[in-house]
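Provided herewith is a single structure, encoded as structure tokens, for subsequent inquiry.
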Amino acid sequence: MGLDRRAFLGLVAGGAVGTMFTPIPWKFIDDASIWTQNWSWIPRVPKGQIDYVGTSSKLCPACEGLKIMRVAGNPVSAGGNPDHPLSRGGVSALARSEVYMLYSPARIKSPMKRSGKTFAPITWEQALIEMAEKLGAAKGSVAAISGDGTGTVNEVLSALVGKLGSAGCFMMPTEATSAAKGIKLMGGQGQAGYDFENADAVLVLGADLFETWGTSTRNRKAFGATRPAGAKPASTYIYVGPTRNNTASVCDQWIPAGAADFGIVALGIAWHLLKAGATSNAPGFDTFKAVVNGGFGPEDVKRATGIAPDVLAGIAKTLASAKAPLVVTGSPFGQGLGAAPFIAGMSLNMLLGRINKPGGVYMLPELAAVVPGAMSRAALLDGDLPAFLKGVEAGKTPAPKALLVYDANPAYGLPESATMAKALEKIPFKVSFSSFMDETAALCDLVLPNSLPLERYDDVATPYGSGFCIYSLVRPIQKPIHDTKTTGDVLLALARKLSIELKFDNFQQVLKEKVAGLAKASGGFVAKDVMPWQVAAGKPAPALVGGDLWKALETGFAWTMVGQVAQTGMGFASEVVAKAVKAGKAPAVAATLAPYSQLRTGTPATGIPCQDLTTVPDTELVGDTTFVRLNSETAKALGLKKGQTVKLSAAGVDCQAKVHIFESVMTGMVSAPLGFGHTAFDYFSQGKGANYLSLMTVAEEPGSGMSMWIASEVKIA
Amino acid sequence: MEEKRSNSAGGVGGMVLCALIGFVGALVVGWVIFPKLLYSEKTQPIRFSHTVHAQLGIDCEQCHHLGPDGRFAGLPTTESCAECHGEETGETTANGKEIDKFVKDYVKTGVQVPWLVYQYQPDNVFFSHAAHRGFECTKCHLDVAKMDTPPAYYENRLSGYSKNTMKMWECERCHASMGTSNACYVCHK
Amino acid sequence: MSGQKMEFPITWGMVIDIDKCTGCGACMASCQTENNVEPQREASNKLRSTSWMTVYELTNGKSFPDHDIAYLPRPCQQCGNPPCVSVCPVIATEKNENGGIVSQVYPRCIGCRYCVAACPYHVRYFGWFDPVWPEGMQKTLSPLTSVRPRGVVEKCTFCHHRWTLAKDAARANGKDPDNLDDGAYVTTCVQNCPSGALAFGDLKNPKHKVHELIKSPYAYRLLERLGTDTQVYYISRREWVRKLGDNYLKSE
Amino acid sequence: MSIIESEKNWYPEGVERCSLGKFLKWLAFLGIVAGYGFVAMIVCFVYGLGVTGLDNYFGFGLWITFDLAVIALGAGAFFTGLLRYIIRIDELKNIINLTVIKGFICYSGAMLILSLDVGQPIRSWFGYWHPNVHSMLTEVIFCITCYLLVLIIEYVPLILEQKQINKIPYLHNLAHQMHVVMPLFAGIGAFLSTFHQGSLGGMYGVMFARPYAFRDGFFIWPWTFFLFVLSAIATGPCMTVLICGFMEKVTGRKLTTYRIKSLMCKIGGTMLLIYTVFKYLDTWAWINNVLPRAGMTFDQMFYGLVYGRWLFVCELVLCLLVPVVFLLTPLRKKPVFMYSGAILACAGVVINRYVFTVQALAIPVLPFTKWEIYTPNWAEWATSLMVIAYGFIIMSLSYRYLPIFPQEVGLNKK
């Protein structure tokens, strides 16, 4: 029987009606919508038992203790460790990145050797052989740069370089560099530590205390603790600097002053204190008094800085009437300060009698070194890297035959970067131990990726700024994701290959020895119920509970000690101050570059952590262009308009920027964000904006001879 | 056209008949064939026998337990299975072979067994076992304790979910009957 | 229409001390990863990027040197009378008894964006594209929050998943899950804020710190006069900051 | 019989049409535009709405404006249906078919755009299954889909009346029966359509945290509910006249008498007058009550060019008062005034829908936020153009093959 059209239509109609009485259409519609919540290309979240393990942040210079959340043993996120004195539960945007940065697209996945303009992967064994051969040949002229301000790995590095015949072992310049130089010139001993927890009036000269300066997370926790919400603050914070930056935004007072003038401001305040009868029996007080009275009267300061006399008197009064005043001097962008402003600021602390006092400045002892032949931190900080590289570039200093770069990115993170890059090019053999493909690694001959902090054993010893000695461990929570190794281990293996005796076979042994030393130090304890600042304020320090300190540190607790080095000859170093700080008439400069730095844009060694890009406001970065900030008066004087694209030139370099009119910048200042303008790393960093640090010119500070680049004139067109 | 109209008398009856055939056919396809097509049948990677383990006197909670923080540990890890089944048995029985397969494929390689979870809930669902402690497991789960061979797992080809996954209305019905909140965030994340 | 205020036995609320916020962005960074927001390469387009928590820069509008700035972190305000809830055609967002948290359920959302239009705080974000993580990074996704496909609206949930965990922990320890201790449940931004500018708790529970904080004469809420009755309070001793929390006529 | 000849058999009785070649060229042109839009639509579906110019500030943009405008202008269908079948203004039978087709085009086009505009189109049915009865959008979803069904029911008999199709007795009968029950559908349609026009307005009026759009109102309906209904039924008839006039211009044939068009415009003008009164009252109350309550002023509602005050003046003066005068005074007798009055009225409603959609969202309500600018991109324009091209195609086919204009034969006798 043929199926005619009617029969067919009937069949179709019947079928259609029938289908409506079956699950087919309904189930189909329903399942289709369920499918939309189960798209295969949308990642599933990990499943499994959740637990938390402790470690410390190594990527973030604030060195917070971390609690790492794990799922089925894999780390998924980093939070602050409430038990850790440097975190107290807080965490910076950068420390938060510790976990996901494991999978950063910028990571170097295996050892690599340069071949022409690109890199080719090699094995670790090949890399060691290659390195041993080249370093063996370069004996007597090996230099090293470390960007790790707190790690014991510096001992291994400096000992190795020392035994190879050092051409210089340098730290990347930070606040600690200026402070160490200042302390040395003052004849002091130890590392300056600031007891914010117990201070009730803090004068901040430039230091971006709550963003990049020292233990910034701890600083903020200490600040917050004295500021109960909605109630009268129990502390006074005064910020002196060229912009109302993140720190100044929460301070009680912002006093606009150029970054080159912090010394003048400090001495101007000293003038008031001296007038009020402040005195000191530290060496050089009389000279100091003469210097201050000789040229830093209120009118002198006003002429040089524009700060009104009553403002200065007010600060002096606040400090003098406080129970525990404290003065902190630093660079608004964390480097280049020079020694003199630091000394001037420290002189105020001495006038106020704040050395080794609760709520004052503690001169902290350095933890004992364990690697034979290692340089002390003070010795490492004494090296002047910009001066060295400038010398190499100019041919005044012989270029080292080999350079080892650890956790540092000098090709990006130094001023006058064009000069620095040229200097680096003159060094024939360079090895980078970076975890990420940064600008320096891209210049090197060998790239030997360091495992990230969550993949390696490492440590944090008393970061600069901490008001107490502190030691915490960094421990592997996850197997290295790529073919990377702990640089400490690599260096020790290298030493063996070169038949250099460094006492240890692997880096973990070094750390164990270090911890064993701490267990013997008197006064040290594990911060749990009692925090070090409480001990400083008078609470008895708990005994170091017998047992395994290593284990306690591995669980994320910190060893701390409220220690101080008794000062034998710490003086005012007035001769340095007198030479470097001069309250003359401010030179007529159209525009001074006043950079600022923020943890959310990472460090030169990390690049911009990918999730932190979202936290960068559109007044700082839009598309691929960064903004510089100036107030309307400056803009008018320079003939610039809001949103205008401009070219900034200095130090033989041009940088592009857009103009953001921002009234919390001093007149005559051009405030510029650092951390942008990477040419390396991944698509979260590369090509985003310009690196304004390259515009900063390095000058030699009179008196100290130290390199400084706190303020540079810049041309804007 | 003319020709078709001519046999319209017989056509109407035929049309009705065909419509009926179409109707019944659709019902058959929809109720019998379609469900079979919609789901793919999968078997567990390891033929785990709950019966054998239950007979050994192992409590359910020994493997499926609540953590101290109230979070459900779910399925045991390969490591916890390996506490008993760490080495190959070399036995030739069916069970022995299955154990050896487990040891060889998972314990030795350190890989977690991709168990198929009958009640698998999507990522956007949060289920608190702690809050449901008063209920029998079998109220929601298949009563596998008495099964020597785990039942087949049916995966919806379209949505990708297990056939046994409890639908939202089932959760809601029980919550409503218990007077428990049906607010979104009680179960969704 | 504007609906009526609902009362809940538990009312989770946040108190943000603006005078302590340095604008560092740690809260935003914490939120991004806690809640599985993808890393955004072009995050400088603020109209397109997703940040459940956003820090706004406030200024007093004066010129140097009288200029002043403040930073205002803005999570979802969890309105008592949410403009976004009644407009949703499919009940994908609700204000129900869950501690007054405005819920947003992704598998129900059809992506009409009516709630986005209705919210004056801009807390609601739409998935313009499917989220993508750099290779391997999906292993660091939080297990507590689901990943949203494109085409749905998402917003801050006061990390409500942490509440469910806190309740489970209470149950396991024989405590009352409906009467949690202060601090047993806090959001990730509150937990990680380095300045301690953020506080979180049950506004109705006298044992919780926030209960007292919201009574401060310096406490205020955003756009109060619109009647949104938010559960996020701000505190500032600076009058100009408080004044920026709402619109005022010249005569006021 | 060649194709060209046989095609002529499909024309309505006694009319002339342009050559098939010319017609096909016209269709091809429209097809290219529609095809471009179709590609854009596929791109939107595959990659997500990120390909559009929309963002988190402007969740609603060109598409919603387009939808609202099209639906308002398409309102002629239900209102004319109401007048023709319920109020029995018999003369309107000469233009009712056109309004039905216009309505169908507008609503189906709007539905197409809506399905694009939701982020998860596969879930659109949730609107029925999980409805939130408090949401104006739920009302819109229900009414629009139901009304589209009504429009289809109204459109089908028109198709069935096609000369060749109508030869089939069954379909002929069906068409007849449908015509008989048409008043019922006209009634349902009028009800549904009034409601969703209103709820579209209500959608904005209920946004109490958006002072630009928020309105108090009557019971659950904010004033915008009624204003949107009124503005739609005022401009709907005007749009019908414009379409009719445009088709006459293009085809060079008279399709309806000037009397009918004039009547339509008079109806539209009358409604526009009523609307004007209410709109002025509403604006007054908005400036003096809604805005001050929110702490905002009238001046704060405008910014730059795209959100400038000129839009306000255009909408409330140029596109309300002027067309009222043109359409309700003897000026209407002159085509130039009648048509420009209709154009202005339609432009006014488009501006109204635009400002409610985009400007309402652009205004910084939080004092520390700023105005944002929205620019639709190619994907939105292309898809919107696609709908317009689709409308032209439907209308062209309908005109060529369906007996839409009862007066056409008579008016074009030589």
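Per-chain numbering from 1; labels A, B, C and D assigned in written order.
In this section, contacts are C-beta pairs under 8 Å (C-beta built on N, C-alpha and C of every residue); 3 or more make two chains touch, one makes a residue touch a chain.
Here is each chain with its UniProt name: A = Molybdopterin-dependent oxidoreductase; B = Cytochrome C; C = 4Fe-4S dicluster domain-containing protein; D = Molybdopterin oxidoreductase.
Owing to the predicted nature of the structure, the values given are computational and were not obtained by experimental measurement.
Engineer: Of the chains shown, whose Cα centre falls closest to the middle of all protein Cα atoms?
Structural biologist: Chain C is the most central one.
Engineer: Whole-Å distance, chain A centre to chain B (Cytochrome C) centre, using C-alpha means?
Structural biologist: Computed from C-alpha means, the inter-chain centre distance equals 52 Å.
Engineer: If you average the Cα atoms of chain B (Cytochrome C) and of chain C to get two centres, how far apart are those centres in Å?
Structural biologist: 37
Engineer: Between chain A and chain D (Molybdopterin oxidoreductase), what distance separates the C-alpha centroids? Give it in angstrom.
Structural biologist: From the centre of chain A to the centre of chain D (Molybdopterin oxidoreductase) is 61 Å.
Engineer: Touching at least two other chains at once: which residues of chain C meet that condition?
Structural biologist: Touching at least two other chains: 45, 50, 57, 59, 106-108, 130, 144-147, 149, 151.
Engineer: Give the residues of chain B (Cytochrome C) that touch two or more other chains, as numbers and ranges in rising order.
Structural biologist: In chain B (Cytochrome C), residues 67, 69, 71, 122-124 touch at least two other chains, as defined above.
Engineer: Among the residues of chain A, which ones contact at least 2 other chains?
Structural biologist: Correct list: 32, 34-37, 44-45, 47-48, 50.
Engineer: What is the complete set of touching chain pairs?
Structural biologist: Touching chain pairs, listed by label, come out as A-B, A-C, A-D, B-C, C-D.
Engineer: What residues on chain B (Cytochrome C) touch chain C, complex-wise?
Structural biologist: For chain B (Cytochrome C) paired with chain C, touching residues are 66-71, 122-124, 126, 128, 130-131, 133, 181, 183-186, 188-189.
Engineer: List the residues on chain D (Molybdopterin oxidoreductase) that touch chain C in their complex, please.
Structural biologist: 47-50, 54-60, 117-121, 123-124, 126-127, 130-132, 134-138, 140-141, 203, 206-211, 217, 220, 222, 292-297, 360-361, 365-369, 372
Engineer: So in the complex, the part of chain A that touches chain C is made up of which residues?
Structural biologist: 34, 36-37, 39, 41-48, 50, 62, 69, 71, 74-77, 79-80, 89-93, 96-97, 99-100, 102-105, 210-211, 216-217, 220-221, 223-225, 227, 229-231, 244, 246-247, 249-250, 256, 481, 598-600, 609-619, 621-623, 631-633, 663-667, 682-684
Engineer: Tell me, which parts of chain C touch chain D (Molybdopterin oxidoreductase) in their complex?
Structural biologist: 1-3, 45, 47-48, 50, 56-59, 72, 83, 86-92, 108-114, 116-122, 124-130, 149-153, 222-223, 225-228, 244-249, 252
Engineer: Over in the complex, which chain B (Cytochrome C) residues touch chain A? Could you list them?
Structural biologist: 4, 7-8, 11-12, 14-27, 29-31, 34-35, 38, 67, 69, 71, 73-74, 77, 112, 122-124, 156, 158-161
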